[in-house]
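Sharing a structure, written as structure tokens. Questions coming.
Chain IDs A, B, C and D follow the sequence of writing; residue 1 opens each chain.
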């Protein structure tokens, strides 16, 4: 499998990259980790005329807490998330997700920005972002704009990143004390896309759920927020019955497609199981 | 439009002119004639093409040669120690019968090298997860796990585990 | 690889007007994302082209459209499209059943689309066919609504902003969770 | 120690876990696989394949492809037709298109070959080939293939009016039907053994190097049977002047074969044709998708298995009916007389005298094949059938599956045992193997645990498989492929300094022949295995043999090595007697030395004797120290084993975890315990694969839905459990070194053990069968049907 010929640039600054994007228009694609794009090119599903490799642009790879946000540079590789002490100690939901993304070699290349910007509901970070109520920073010629994650995913491979723009940063509001989160996906084998995946992030204050985010992976055309589920939990004392109700809503509100991983009925049932399990895990971690 | 790139392959700097679409694995195998790195699946699932790029294990079938410009590439051919003796991971694979057909072996060893650098004393589970991006169709993985443990012990200077097969 | 998708929606316009648009291939095709007619063979048969674009993936189909049923009295039509990937990697067939029902001066439109794809897309895109088809049908419906209400319709697939606005209103509707 | 050693470690004959001699090159990246071969002026071939399963070719336009820079030729079926090279025989004497002239018969079938100066240009050329098709509705269901109204898929075969390939049967139909009509208990189950793929990590490929001046072809290719391939090439291309002496097939290092590298694929033939036409070397290497989509599949047997017996638990007979889906052509590699391979081993390890087995093979629009994937010709299918139905029977009469097996095993003293389908089992001790497995895993303890778990609503299962294999094809009276008898060969040459080279007609693909053959010769001659160089895979140097598959290397070539070595030992004895000036009768042998009885200080080492054979041999004796043997086995060998698997199933997600797996194998005498264990480990992972993960899946239109490693789920180290393996040793009485062969036992034995464990776990819910691969999804659906889990 060999990609069709293309031209290649490796700009060393963001503005250079943006200028190249403008110059080449629709024919250009951004090369981040490349582990979604290059296989598509090798299969010749995608044949961009120009690749703009942003791996050489300094300053796009970092994990830091700053101004009330956890800020992650778009070019931060999965392996960095996996090995970051800050992430491990304070945001274990990320560790849950990264260890299930593809495999170690792919995680050495794959970036969080690419995982999100690809706009594939089967990717794992989008659900985590929904749970964490992240904001995505998108940089274009005219500067940087912030897009709430709920307004980011439009459709299949389609996101709020417009022509001429690059996703540059992910901003996550630092959860309050008493918060916890968890992610899990069912997969047929290591490295597979999710049969179903669920991310839960919540804050418990004196037994009451004051904040909750639930994101679903690969059970909808776009990464899906389980809004009704969140609705029944927020502001209430969490009981098993409430968790059951939340799980039921999530299972009903998603829209899974049948494939080799299972039919719609099975996937809904798995969403239900996973919501319950991730709720309990998140509650444990919130303690 | 062809590009001139310089890579350091197993310690030796090489300057080559390549098409941007040239895959790193083809650069290594075809342009630089180091055929120890193999191609098994083309879609980044099997890990036979694993090499170290600036010390990190990556799948060279899904990286462009131009992306390696200015970087260090290490392949199985560079594993031998300076005195010509086998590296710990090579000795471990041989002593523990961790290879049959040998096709996945170079990629598997390169992955194990990074795994052991990061975690010199991994548990069986950590090894199994750590090599989950490398498929082996021959060995059933038991002896690969054993070999990685053996190499870890050797690198740590610990007593080496027995390499005799254990039967129930 | 086959999938069936259905969509039902209501339009303010009277049934006669909606039928006029629905039964005219030249108008219909302008609403199909990425589609254009290239040749009219006769009243019922046309040649056309569809170019789709999803992120980095682009595919172009050359095809024939046949109106196999046009039932003026019951406001039912069946449109059969057969397309071959311009690179010869496979084909896509589509049968669209469209029907209109008058509802107090407004019109209820129902589409049932049977889609089958063969070749490389079927091999590699199995997990996506339903979602993508629904997405395309959603866009089509929006374009159709716009066209009926006299708005300019841009049915090319180049602008992701266009996709965005369309999808937020269609797929986005699910966020409310009114299903089931 | 698992196997008694008669030689010192320095000699490393049989029973020593000698480290492998071949490993040095592999761990240094110096293996020489076919894609590593580069020749001057070499061209690259890439193949345009059909996107459709069944279609008429209306037009092939190569103009754009020819304009791609670097492309030198585009070859179609019409081009090959000019040389009558557009068809070729399969190893089953069926026929197969090399390139089609009018119709494509399966998705990913080769349609045109692009030849270019680089791999990249060839790929670009393939993209530019334009083909117009008239798509037809394919036949994907083998049951529909023979239904009225199905299109006749092979009108190229004269007089063919349906899609049946062959019918085969064995056993006593009347007696069996009578038994089933009267038996106290009969059970029946539909068991599908899915279409799977060997998926060796190296795909297939070749470099065809034809020299016009010498009219000579050197064919480097991924083949498990180089000699047979040479003969096939001569049969296909003899008419254009490529006769057998002009052909040299070299099988370099092979990155896993497992049966998938036995057949002749169109790509090889096209590469040869192109090299022949342009006079330059041509390289063709498949990518993974081509490999999964077009190369020979394995299995795909629809089995209706029935067992009859008494309420008290005595098996009285079986009746098996099989529908075999061969796809477009029968491209199996079975012995000619056995179109269903050794499927008739399906009577299993049990003592009864009534059986009837029949099989029908049909054409469909799937890729061709039927290779013996790490299996001695359909034994995997047979064992899946008998071991599943055995458990079903035990379950039906409420008997523990282990107790049921003990009650029915063929007893040790009954060997040689004549099976109701005509096999003569050489030796066995089935009770011992199962007992050992039960002891190791604590079977009684597990059953207790299961009772406790069930009380708590937890799902746990224990599965047994006590299989009997049949390998080592085979005796020449019954076994041939394309008429060539299935002997195998060894040639040993010992150099004056006492070091040897040995050559074989087989071809290792990872089995470790360079080590184990050396150990066999070391055992017989006392020359250290370290000093015996083993070579295979070059038809110019190695003696003729049928190759490596079906666990036949040790039973055939291994035996040939032992006998050739014994011929040399006989010669050595004569020389020793001459040198020591005693009669041969006065000599005794211990590994590596002949000494005079009662005077052990009077001795000659094998090295001294060999040196004398070149420097000081008796007058009248032929000089040198060489022997060749072509071994024709008197019978097949019958390895066996008992495997026990424990699974835990998540009651909500239905995820299945193999908690423990104990495999007790008996492959007769063991040459190298380390290698044998490695073979078992690997085979077990290839057994869990179809049991829980792998299946080639097609839709009704003939599209393959999992033609990459993204969806064809080869297990990683995480899915693969930590295997626990052990042995009993029951030597084969007729084999020169008492060995039986082991490579395939685990692939054969593991799937039913796992399936039985999962079905045991699910038995409280009334679920009796789920076809492999048993996935969480399938379990969940079955549980849902029984009301054990709920939907949303």
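The rule is simple: contacts are C-beta pairs under 8 Å (C-beta built on N, C-alpha and C of every residue); 3 or more make two chains touch, one makes a residue touch a chain.
No experiment lies behind these values; they were computed from the predicted model shown.
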Next item on the list: Could you let me know which interface, A-B or B-D, is made of more C-beta pairs in contact?
Entry: B-D
Item checked: Length of the line joining the C-alpha centres of chain B and chain C, rounded to whole Å -> 49
Item checked: Length of the line joining the C-alpha centres of chain A and chain B, rounded to whole Å -> 30
Next item on the list: Round to the nearest whole Å and give the separation of the Cα centres of chain A and chain D.
Entry: 44
Next item on the list: Please list all residues of chain A that touch 2 or more other chains.
Entry: 1-2, 4-5, 41, 43-44, 103, 190-191, 252, 260-261
Next item on the list: Among the residues of chain C, pick out those that touch two or more other chains and give their numbers.
Entry: 87, 120, 124, 126
Item checked: Per-residue overlap in chain B, given as positions that touch at least 2 other chains -> 19, 21, 42-43, 45, 129, 132-134
Next item on the list: Could you run through all the chain pairs that touch each other?
Entry: A-B, A-C, A-D, B-D, C-D
Item checked: Of chain B, residues touching chain A in the complex -> 1, 3, 19-21, 23, 42-45, 47, 50, 56-59, 62-64, 66-67, 69, 111, 114-115, 118, 129-130, 132-134
Notebook entry, point to check: Touching chain C in the complex: which residues of chain A?
Noted result: 26, 29, 37, 40-41, 43-48, 118-119, 121-122, 150-151, 154-163, 193, 220-222, 224-225, 227-228, 249, 252-253, 255, 257-261
Note to self: Going by the contact rule set out above, which residues of chain D touch chain B in the complex?
What the structure shows: 2, 17, 19-20, 22-31, 33, 35-36, 38, 119-120, 198-203, 253-258, 287-289, 440, 509-512, 662, 664, 673-675, 677-686, 708-710, 714, 716-718, 720, 722-727
Next item on the list: Under the touch definition given earlier, write down the residues of chain C that touch chain D in their complex.
Entry: 1-2, 85, 87-91, 116-120, 122-124, 126
Checklist line | chain B to chain D touching residues, read off their complex | finding: 19, 21-22, 26, 29-30, 33-43, 45-46, 48, 75-77, 79-80, 86, 90, 93-95, 97, 99-106, 109, 124, 127-129, 131-145, 163-165, 167-168
